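One chain, subunit A, appears in both complexes that follow, with subunit B as partner in the first and subunit C in the second.
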Partner chain A sequence: MTSVTPLQAPAVRELDVAPRRGSGNRLARFAPLAPALLLLLIFFAGPMLWSVYTAFTNLALTGSSTVDFVGLDNFTRMAHDASFLNSLKLTLLFVVGSAVIGQNTLGLLIALLLRGRRRLVRSVVTGLVIAAWAVPETVAGFCWYAFLYRTGTLNALLSHFGIEQNWLYTTPMLAVILANVWRGTAFSMLVYSAALSEVPPDLTEAAAMDGASGWQRLRHITLPLIRRAIVSNLMLITLQTLASFGLIFVMTGGGPGTASQTTPLYMYQQSFKFYQLGYGTAMALVLLIIGALFSVIYLRLIRLED
Partner chain B sequence: MADLTVARRGTSRTVTYLVLAIIAVVFLVPFLWLVIASVQPGAALSAHLDWKFTTANFRAVLTPDTIFRPVLNSVIISGGTALVTVLVAVLAAYPLSRYQSRFGRSFLYIILFATGLPITAIMVPVYAMYSRINLIDSIPGTIAFMSAASLPFAAWMMKNFMDGVPISLEEAAWTDGAGWFQSLHRIVLPLMIPGLTVVFIFTFVLQWGNFFVPFILLLSPEKQPASVTIYTFFSQYGQVAYGQLAAFSILYTLPVVVFYSALSRVLGGAFSLTGAVKG
Partner chain C sequence: MRRTFTIAAVAALTLSGAAACSSDSSGGGSKSKTITVAYQKFGAFIQMDEQMKKVKAAYEAAHTGYTVKLLPIEASENDYYTKLSLMNRSPSTAPDVMYEDTFLVNTDIQAGFLAPIDQYLSSWPDWSQFSDTAKTAAKALDGKTYGVPMGTDTRALWYNKDLFAKAGLTVPWQPKSWQDVLTAARTIKAKLPGVTPLNIYSGKAAGEGATMQGFEMLLYGTNNQLYDDSAKKWVASSPGFLDSLNVIKTVFGDKLGPDQQDALNPNFGTSVSNELLPGGKLAIDLDGSWLSGAWLTGGAKPWPQWSTVLGQAAMPTQNGQAPGSTSMSGGWVLSVGAHAKDKKAAFDYVSLSLNKDNAQAYDIAASQIAERADVAADPAYLKSNPSLKFFTDLVQVTHFRPAYAEYPHVSDAIQVAMEAVMTGQLTPEKAAAAYSDQLKAAVGPDKVASGS
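Our next item is the complex of A and B:
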């Protein structure tokens, strides 16, 4: 699921003219917030609190009606579960490889290259990059499955060089990382295009006059000016990639074996295939805590802007 | 010296265009199979063109069971989610945009925090909750969760759009004694139709492609949206009927293409999408 998250701090405006009526009654003013508050309580706060509780039980969906409090068992099990540790390692590899390195660098590169290009060039390149982002997750998965499969397009192209293999089996992590770079680069590209459009051109022009090379201008002028966009973008794509499920599920199903089983896929397997909801919830809690940490760091960063 | 700079600029421009061309090709290639296989008889996984065209793949999947019912379910689920989300988000955005208070500010931070939480992880406890209260395999239950999941970002976008409607327009209405609902309904909403459209389409498109949530919450094939049935189709017949899978994928993706074009028309080009995102 591709989701987009805001990039700037809430600009709460200085206006307290407000409806005169009932301005004394603060509760009535915020009554329209009630449905939103309710949805957030039921579907965010509630499940999170519940998962904190359940993570310490042996809840399973296999018919046994007793739920026992098992203390830290789920967490000790996790710490000794080679598959779980493997999944964490793969999740880290997936996030760093596809988001932090892949999408971020490629998105910045495309945004830089497109600056000042002709309209036609811009629309063709951005159109293609955004198309990869816009197609549903499952369809993106099929496209890459077909592309990398033993009888797929890539091998058909490579057969002239005598290289032929089922990339989904031999290099599953590389396959899903490349697919996710393809799919997610649009977001970083859009963020950086917007950030670059706010860099005053006379600054780089002046540096060029002084004889600074393209790389020096990028390194010493452009990048420092858009560093806030870089940090925000890194946080946001990390959050989006952390819980990525569909693309990997369609392409490799986590396999072969557990070779591409990231934590969301392992959590899915434990919770919904083996019905170990208590254990699955403990893993969900770990993911939620990692996500919450990144979210808080992100909020602290944008708070600085006020 | 001057000639040298011009020459160097010429080379760097050529390199830039070359790199851009490579990027464009790399982004295009994975799509090729989709388009080619859908119109080829006996299509394989390789995007190999043998100049024989057929509509058989499309005809084979255009049946009630394969396309029409799942797509109808998708319309109901994504449409319902987008409606509920827009409604709740508009209501929430009004006090957030109009009144300055510490409570409103903390609520904004809660919303921003929630946009960062991994929905995949929240799915496990929600599933357990739903199985307790018998909401598994319920379309309204699925819509409720999807609306909650898309609400934080929608409310954020909506607040930014509402900030664009000058508050001075409402002051006259307030002095005439209009309450918040009249003011929102009569003055603010008519002025932010583009914003409402953007939030609706955005939510709709995201949920149209949402695979994980309906995959977990909806069990009966006759209730599942296309995002799930296309996966079932892939794992059941995908190995033999690649052409049909490609045709199915194209038909399922078409609405997204239509909506995205509509979205970029509303926003005036894809680049302003970030404008809406940034607020």
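Our next item is the complex of A and C:
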């Protein structure tokens, strides 16, 4: 490690000017990284490349002894698969409803409200919100199932007012969206609390002196200053929510019918109930592309606001 | 520097490769021979594990130089299929002997996971004890046999004698047609408010239970079936298919069945066996022979009175046409893996596991319907559970599912059709038409024959 050049600006520039101080030296610098790199290649890049490959094959878990390369067949099949298109629609609804609108807005709101409160209030509220996040996914799913089910807690309370229904049956998407907001808000709240603490108080104070209303201060000072946090938060929760499986699986199992069958649940059905691994991985690839599209949109939107 | 790095990397890779090889070869070593046996062990289902431990000891005592390595897979049914398939995909992890659901046998044969065992069966005297139906359980399209049945199950109507008496219906009850079943349900609905008259599993939430306990118990009592064996084609919507959907419509539309919301709850099956039947809240239940297993001492919901409160009646055919009643059977077989190095030794393990004594012990412990004639006639077996004789007799009229690779898709399409009808989204005619379309998409139009 002694031969490693300290990573300071002048040193870096020096490297640019005189890069040829012997390639052996350079390699030696990477040598300590080699084992980690190798592991990453094998266990990270390997499965990823394999799943990209299988998306173009008819790989089945059982039922066929050969694997054929089928080109874009899986993708053309998807385009005509009404259940898949329906699942995609539900996934978008789930992501926009629970992550982009729910978790993101609620997280920001809680973080804003907590700013400058007493320590006790902060720790109680943060503690409660994080508790929901710390609960394992299946447990959270079951809690919500028990809460919303026909003879569940919510209906026991509502029956005093004469309203009673099976929320998981009549409004399955709303139920899973609410549950996911409940569970995931803590993450956004933490990101925004950290970002807000970086906003210099004198800026907002100065704006207040100039007569800016609370909304104006938020819109023109706070939000632009934390826009990086907004982008990273949106990206992270979008990707997390796109792949969300356990919560929905436990609460509704994708039902009734296919009313809450998002793409990950449909993928599970195709891969592990119908044994069509190739088709399942092709869907995973589509989800990946959708995730990338979301990221591009966020980057664009936030830059435009600048 | 670069060279040393390369050498180190190559060395590391070779080492890990060598380690992998050595662990492989220890699985099927040539000096002391090892037989690997894969089976399911999950939740309350520990009977197979107990049985395999006993057989392992007996096998090792009889075959010196052989060791049996048991691989209990702790997973629910669907996950067990997945894990077993994954193990079978690589010769180094493929088991020599495996516990196979008859419903997947053909699929796994097509995948090349199983080995035919006809040459060993022909010299196994016990094979003649198995009924002809049992012998076809693991017979593939190529005419070869790929497994020995361990036990099976049948399905019929369970009814509550107390509720029947209260409603003024005669006990014992044996309906002669679908109409008789519906009439009894209507009487109960009129006389006993608060009691669910009739449960037929339906919809996607009940999964295969809806297809097999529900729909196929109806369909196989009509003049049509799901698959035409002689033409080797799936049958698109047939008159029998439509009539079966009409029963679903009647049961849920006329409120003879459970509330749709309850029936579409994935946990409904559990509440039937743990709450509704023991609580006297359900009068007639179209369900499996294994149901009483939950009520035995040590079961999930001990209910000692079950054998006096509940009666069993065979499911009648649609209009009482011959043979008068119908049933569906599943069941599991023991198969020899295609990658087994010593297939004779593997088969010896299978035949030892399923000789008279072992098969009987297992069938009693796991509440299975015996497949061997000598076990089925044994008084000890018949006395072990009061409903066993009834369900064993149904083997005469039972059917197996068309266990082809496409079956899971077909089953799903049936559940979709049932659910659309039970919720009133589609008329039976439209749901049957939608089923035809989905069937053609799933298995290919050339493998579908129009129903007659």
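In the analysis below, the second predicted complex is superposed on the first by the 261 of 306 C-alpha atoms of A that agree within 3 Å, B and C clash if a C-alpha of one lies under 4 Å from a C-alpha of the other, contacts with A are read in each partner's own complex, and residues count from 1 in each chain.
We take it that a contact is a pair of C-beta atoms (placed from the backbone, for glycine too) under 8 Å apart; a residue touches a chain by one contact, two chains touch by 3 or more.
These numbers come from a predicted model, not from an experiment.
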(message) Once chain A of both complexes is superposed, is A:Asn166 in touch with subunit B (first), subunit C (second), both, or neither?
(response) second
(request) Scan A:Leu299 for contacts with subunit B and subunit C and give back first, second, both or neither. (result) first
(request) Give one of first, second, both or neither to describe whether A:Gly152 is in contact with subunit B, with subunit C, with both, or with none. (result) first
(message) Between subunit B and subunit C, whom does A:Ala60 touch in the aligned arrangement: first, second, both, or neither?
(response) second
(message) For the overlaid complexes, name the partner, subunit B or subunit C, with more touching residues on subunit A.
(response) B
(message) A:Gly255 in the overlay: touching subunit B, subunit C, both, or neither? Say first, second, both or neither.
(response) second
(message) By the touch definition at the top of the document, which applies to A:Lys273: first (subunit B), second (subunit C), both, or neither?
(response) second
(message) Output the subunit A positions appearing in both contact lists, the one against subunit B and the one against subunit C.
(response) 31, 34-35, 61, 149, 272
(request) Going by the contact rule at the top, pick out the subunit B residues touching subunit A in the complex. (result) 12, 16-17, 19-20, 23-24, 26-34, 37, 44-48, 87-89, 91-92, 94-96, 98-101, 103-105, 107-129, 131, 144-145, 147-149, 151-153, 155-157, 159-160, 163, 167, 170-171, 174-175, 177-180, 183-184, 205-206, 208-212, 216, 227, 230-231, 234, 238, 242, 245-246, 249, 252-253, 256-257, 260, 270-271, 273-275, 277-279
(request) Would you mind writing out the residues of subunit A in touch with subunit B in their complex? (result) 1-8, 10-22, 26, 29-37, 39-40, 42-44, 46-48, 50-51, 54, 59, 61, 106, 109-110, 113-114, 117, 121, 124-132, 134-140, 142-147, 149, 151-153, 155-156, 179, 182, 190-191, 193-194, 197, 214, 235-236, 239, 242-246, 249-250, 264, 267, 271-272, 277, 280-281, 283-285, 287-288, 291-292, 294-296, 298-299, 302
(request) Over in the complex, which subunit A residues touch subunit C? Could you list them? (result) 23-24, 27-28, 31, 34-35, 38, 60-65, 149-150, 166, 169, 253, 255-258, 269, 272-275
(request) Enumerate the contact residues on subunit C facing subunit A in the complex. (result) 1-2, 5, 9, 12, 78-79, 81-82, 85-86, 88-89, 104, 107-108, 110-113, 203-205, 261-262, 264-266, 405, 408-409, 412, 416, 419-420, 423
